[in-house]
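Chain IDs A, B, C and D follow the sequence of writing; residue 1 opens each chain.
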């Protein structure tokens, strides 16, 4: 899934606390949001418990939440689950790292040279929308069911996510800052290091966060469809073995990992960009 | 005139070079899985005839359009609702974060239960994946409505439907469009994935069939067609975006120029 | 963008390296050869897991690395590219691969039909209250199979044809085995072609068998086999012979020790104990039924799975 | 016609409370142009938002035409300081001015008339089809003013509307306010931190203390009704009034209110 699940792209970036009253209102609400979130999760779990119990959906296809949780506990006790999680995270991490490194390198080079940007934009615009799943048959033929197949999908999908953000970021460089750097006789490398890179960084971080989510979904989908080892493979195993509760338990695990990754990256983003107060509009 | 020439040159130059490189390097390829480009192109014209287009590509596109449209309406409607009510948002956020982290393919069995195995299921798969980026971006957009504009509306007594139309939807539109764009590429992917289940027609289905029956040049031609489809859809989207967000891009340019 | 270049370069590099490790059946000093075998983690391949446990492969100085894959379509490329030394695949997939010019060569048997009506590894199942009573009633109906244009529809068509029905009018729908039961329940489809453990599950739920296609296709049909490339078969005859010997011993053992075969399932599938107890095990004879392979080849041609003038060459495929 | 009685506003924060306005009482007679001036951070914006019905006071009340203001009243228009953000960037100038009129059940023709008249009054004829962000800051604020007068309000509230434009534009806009006020005779409440501006514009100036705010001084401006940047600003009476108010404000900032003022200032800085 190339650009799965974006979130708040395009932040209009309002300064904090516009008028006193909204600032007050949100401040008053802020510490109290988590009970609502908890309530939401509980209601969600309750619905999943009740719907199969009432027979609205046969238990054979959607077991009650309590049985999913029991299966989850059982799975969590077995090393097989953790091996699978490890495999998935390995594919995720390697794929993401390669994609980010390649995208940042390529993006900074292309973005800093107007000719390259003009010459490559049509090709980028052509390659970017090619859905990564189109590569599944190719990946299977070339790499079989090893981790490489999944990696290929992960890298392809997350690469564009980051590249586009890098290009946006590099183009967002303030001309005045660039002129200042020139007037102080900074060389090309110095300009990239001191002007381009800091400007692009917030965009890159956002791109990496979006790519991290995409990479996870693709890693699991890849394992699921291709059959390379990992959580996705475990899910399809559970499914083909008719172990429905286990399958749902594994789905819950994927969801939790996704939430965790998102949380961690948001935290990193906040930490890293605490100094960056400028209003930024992301790739719209 | 020279400018147009230069621009077309830049736009076509690299693709042309890549094409030639692919052609030359693959010519006489002995590798079964990397056939010569000439073979792939021959397979392309032979495979994607008008009949096949009507039988396999069109149904895919119709399902995509339906799923995408439903996801857009659903995502925007729910997004506006959730985004405008802070408590509802607080209650929904963790569940939404969780749901969107689930890879759509694992939901297919459940969706088959609810929507059967026909086109309805495939549309549902597309909706189930596309709705999240639209929904979450809309929530963010609605949240970020400029308080000064909100006050302006209040003081001029602009409320209800007029407020929704002139303030909320418009002000959140950059984020909505961002979500819609993500949903589009996602939709194409899910279109393919949905055709891996209980299908007997479709672009994705056909490509997988080619792969399974080891018809490699045909498979490549399918991948290329899928790429072209994605490209064409993104062009259409760009056109649409340029019209809807003309004000936004103008505003951004103006802000940048001024600073 | 340099991506396609990069991808091409990577692809090229990988094919080269894959080709290089094609001879990767590395033999260590003590004469033990390490081999990778692609399998589908279903009950069909119980013998190889059992044989591994029983040490039949060690006897032949083979170190077995079993590589589970999602389906035969992923295993064939793996074997052909040299990632895997041997693989498990159904006969129809191999016939298709051969007709496209892929150099595949069968080594030994995989699984066979029991030849007994209603007691086979696969069957066509309908709901108990269905109007479909005989195979020929399937004409014009929606039948779910796991893979279109492959063994499933070929065998189901053969069954209907044998019963005097119009095989061409069957509407096949592709879906994964685990999803079939729900679709049948809901009435989305009229019948399913299904394997174990789902077959016994469906029967336990009160559905009934209407056809046993493998039995109708050929007597004691050979459904799936273990294979390698023609190149390995020619240049590394010793390795192939050792694999054959170990595999045959495993097949015999599994066939004669069904309880152990059932028990091994839990180690590589998520099939739990009681499920394994109830299910119908496939037959694992050593002998490949050549006539049944020929029959499947003929059907593949007459059903249009294999197009063009190139007829499948069963003798070249089989050992 | 507009009465502010005993207005008090306390913000309840995260374990800290800030008293922005302690006690404000004044009234504005029909048709008056009243300027409210005070040191920065003295709760001017808070007061204006209370009057506009955008903010509930902690205690006290705002009464318009004998009715208690609990939400934005029908016949009141507000011009905000942040001109760039108070205009709809997705609508043209014409649509921006016209939008509030839509709920006023007017004929299309009448709406067009009102918009044209308002745009003419602020000197923007000919820019109706432009988008706000295509205009300069001063012109954008003119659009906001045009929108307010096209709405035909009985009370016009202006919250430091010229704080963010350059000095020359500011002079022009001040004259514009005077001429619009003359032309439409609308009761106007003009909040500013600029003493010169308050004296130049107002018929009457209320000086507010620093936060927590009270009325420090209520002063009639006895300058001639015809004012212009050159003669009015150089008149001796102008200088006297200016000096008087300046002294009052200095007094208002006195040691007593210092700490609280600083507190309120950071708050308002964050807000404005």
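Keep this in mind: contacts are C-beta pairs under 8 Å (C-beta built on N, C-alpha and C of every residue); 3 or more make two chains touch, one makes a residue touch a chain.
Worth saying up front: this structure is predicted, and the values here are computed from it rather than measured.
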Farthest chain (mean CA position) relative to chain D: C
Highest-count interface - the chain pair sharing the most C-beta contacts: A-B
Interchain centroid distance [CA atoms averaged], chain A/chain D, Å: 47
For chain A paired with chain C, centre-to-centre distance based on mean C-alpha positions, whole Å: 37
Euclidean distance of C-alpha centroids - chain A vs chain B, Å: 17
Chain C and chain D, separation of their C-alpha mean positions in angstrom: 82
Touching two or more other chains - residue numbers and ranges from chain C: 1, 4, 11, 15, 73, 77, 81, 176, 178, 182
Sequence positions of chain D contacting 2 or more other chains: 49, 54
Where chain A touches two or more other chains at once, by residue number: 18-19, 61, 120, 123, 127, 140-142, 225, 239
Interface residues, chain D side, partner chain B - complex: 49, 52-54, 71-72, 74, 76-78, 80, 82, 85-86, 88-91, 99-100, 102-103, 131, 133-134, 147, 151, 157
In the complex, chain B residues that touch chain C: 14, 18, 21-22, 25, 31-34, 108-109, 112-113, 116-118, 197-200, 205, 209, 211-216
Residues of chain C that touch chain B when the two form their complex: 1, 4-5, 8, 11-12, 15, 73, 76-77, 80-81, 93, 96-97, 100-102, 144, 147-150, 171-176, 178-179, 182-183, 186, 188-189, 305
Chain C to chain A touching residues, read off their complex: 1-4, 6, 11, 14-15, 38, 41-42, 67-71, 73-75, 77-78, 81, 83-84, 176-178, 181-182, 185, 197-198, 201, 269-272, 275
Chain B residues touching chain A - in the complex, by the definition given at the top: 7, 10-15, 18, 33, 86-87, 90-95, 97-106, 109-110, 113-114, 129, 132-133, 136-137, 139-141, 144, 146-148, 151, 174-175, 177-179, 181-182, 184-186, 188-190, 192-193, 196, 204, 207-208, 210-211, 216, 219-220, 222-223, 226-227, 230-231, 233-234, 245, 248, 252, 259
